[in-house]
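Look at the two complexes coming up: subunit A is in both, with subunit B in one and subunit C in the other.
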Partner chain A sequence: MANTFELISSTVVGSGGAASIDFTSIPSTYTDLAVALSLRTNNDPDGGSYGICAISINGSTANLTQRRLQGSGSAASSFSFSNAQFPVDGSANTASTFANGSVYFPNYAGSANKSFSIDNVMEQNGTTTYMALIAGLWSQTAAINQLTFSAVSGLFVQYSSAYLYGIKNS
Partner chain B sequence: MAAGSTYTPIATTTLGSAQATVSFNSFSGYTDIYAVCAPLFGSTSNFQMTFNSDSGSNYSNTILVGNGSTAVSDRQSNQTRIVAGYNGTSSSQKPMYQISLMNYANTSTYKTALIRANNAGSETIAQVGLWRSTSAITSIQFAMQNGDNFQTGSTFTLYGIQAA
Partner chain C sequence: MANPTKIIIDCSTGVESIIELTDAEVAELAYQAELAAEKKAEEEAQAEAAAIAKAALLEKLGITADEAKLLLA
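Showing the complex of A and B:
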């Protein structure tokens, strides 16, 4: 039986924290890419209520757009942004609580612009938390060979993790 | 999604020329089915799917959609297909669809589809679709709601997931 879901690389942040998690030299030998994320930052750039993770592709945050569907625990809303950022647990949120996310890139090495999805949830024992479903687009035709997940402010704390998988369709 | 050898590619199609329908058949022996589709549209429409070529009014769906400024939920019953979309996708946009069909081969219950439709130029969707049939799903048909063609370069992949 084919092993279609292969671990390419993984990172678990150490005790000093990390400003970013970087996957480089991603081979073009798979069909799709999937990333499993567990993230928490030590800073809260947006009004002090949560952290933010930003995705860079091939070393750049340019040419990225998103349409987001978001639930806060009290309301559903939608936004458009010219970036690939999403909320994660930060220092204002319940200790030891990490956001969990799944990012999926179909046909990441193809010649068309790259669409992708992000399903991410942060949770805490507080009033407000955010679940974000995101349609993302990287308006570039190059193959994706690098993915970087950065804390927009501060660092990813110890035990934050990211696992990059390659998926083959044959 | 589970990792390892239980996640098996069944079939993939990359269109070398435009065509109206993409179908998958012969995918028995799995517990669940997972489809990843990146169709290219030639005109503004929505993505749709049917099972076992059933065009009867046996489908319904509930949708949660964000268009970039507002979030709404809507529902349709007694439909002739499951439509994965709300505001429509245009030819300049690059949507992708992730579709999970759990326990698709059982012959006791109606079949539910869990859908994430992603179009950064139009909308983000979380959706559930229902096919009111106890038949095992033996084929899946993807098409555009307005009957137009999927364009060259559209990709469709079906994976099978085995519980054991």
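Showing the complex of A and C:
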């Protein structure tokens, strides 16, 4: 059981917005990685009802798959995708609200393929808002040394934030 | 017009840099947006198909949605 969290790095998006948040040169000295996210984009892909965040690992979106269980407030659904994308607040959602999520990478520096989980909820003053629980897999054996969170359309708006923690099991 | 920027945090030094995206990176973002739009369309189609199937089943059973909830409670 992991029992120590240590902040590795963090950032809060400034007034100009940012297309992505990129943690590079992540040390391999921890057991697990956890990322706490508060995100909102200034656009919605395809004019939809939310924004989308995409995760890249070691600079690539390849070899990523996910199984997603999602609720909208009125219906539950499940999906399988060849990516690590998840819904966040976008321009169609209540002003100044942000999605709240966490991403967890156990054994990120090991030699096996890397599983991860995403637990994310949107915030919205309305009847429809999405929450997603995602089981993800990066089918690569390299240690994770870079994590990138990108707004799939538009930019992450000011005050979006990301906190990267390293966790040791001793 | 300038390209959007990205934030890079070097975890080994703690140095944060704000860098303008290259044209190639802007093109990749556009590609990812297309994929996301396709995914969203797929999600909506699945949700619509499920709603239609549910309505058809309720009609076949001759009960309302509320009555179905009562049965499953």
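Assume the second predicted complex is superposed on the first by the 165 of 170 C-alpha atoms of A that agree within 3 Å, B and C clash if a C-alpha of one lies under 4 Å from a C-alpha of the other, contacts with A are read in each partner's own complex, and residues count from 1 in each chain.
Criterion: a contact is a pair of C-beta atoms (placed from the backbone, for glycine too) under 8 Å apart; a residue touches a chain by one contact, two chains touch by 3 or more.
This is a predicted model, so every value here is computed, not measured.
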First (subunit B), second (subunit C), both or neither touched by A:170: first
First (subunit B), second (subunit C), both or neither touched by A:153: second
First (subunit B), second (subunit C), both or neither touched by A:5: first
Which of subunit B and subunit C A:91 touches, first, second, both or neither: neither
First (subunit B), second (subunit C), both or neither touched by A:54: second
Touching partner for A:77 - first (subunit B), second (subunit C), both, neither: both
First (subunit B), second (subunit C), both or neither touched by A:161: neither
Intersection of subunit A interface sets (partners subunit B, subunit C): 77, 79
Partner subunit B, residues of subunit A touching it in the complex: 1-5, 7, 31-32, 34, 65-70, 76-80, 102, 104, 106-107, 110-117, 119, 133-137, 165, 167-170
Complex contacts: residues of subunit B adjacent to subunit A: 1-5, 7-9, 12, 36, 38, 40, 64-71, 73, 94-96, 98, 116-126, 153, 155, 157, 159
Subunit C residues touching subunit A - in the complex, by the definition given at the top: 4-14, 16, 18, 21, 25, 29, 32-33, 35-37, 39-43, 46-47, 50-51
Subunit C contact footprint on subunit A (complex, rising order): 8-11, 13-14, 16-27, 45-46, 48, 52, 54, 61, 75, 77, 79, 81, 83, 85, 150-153, 155, 164
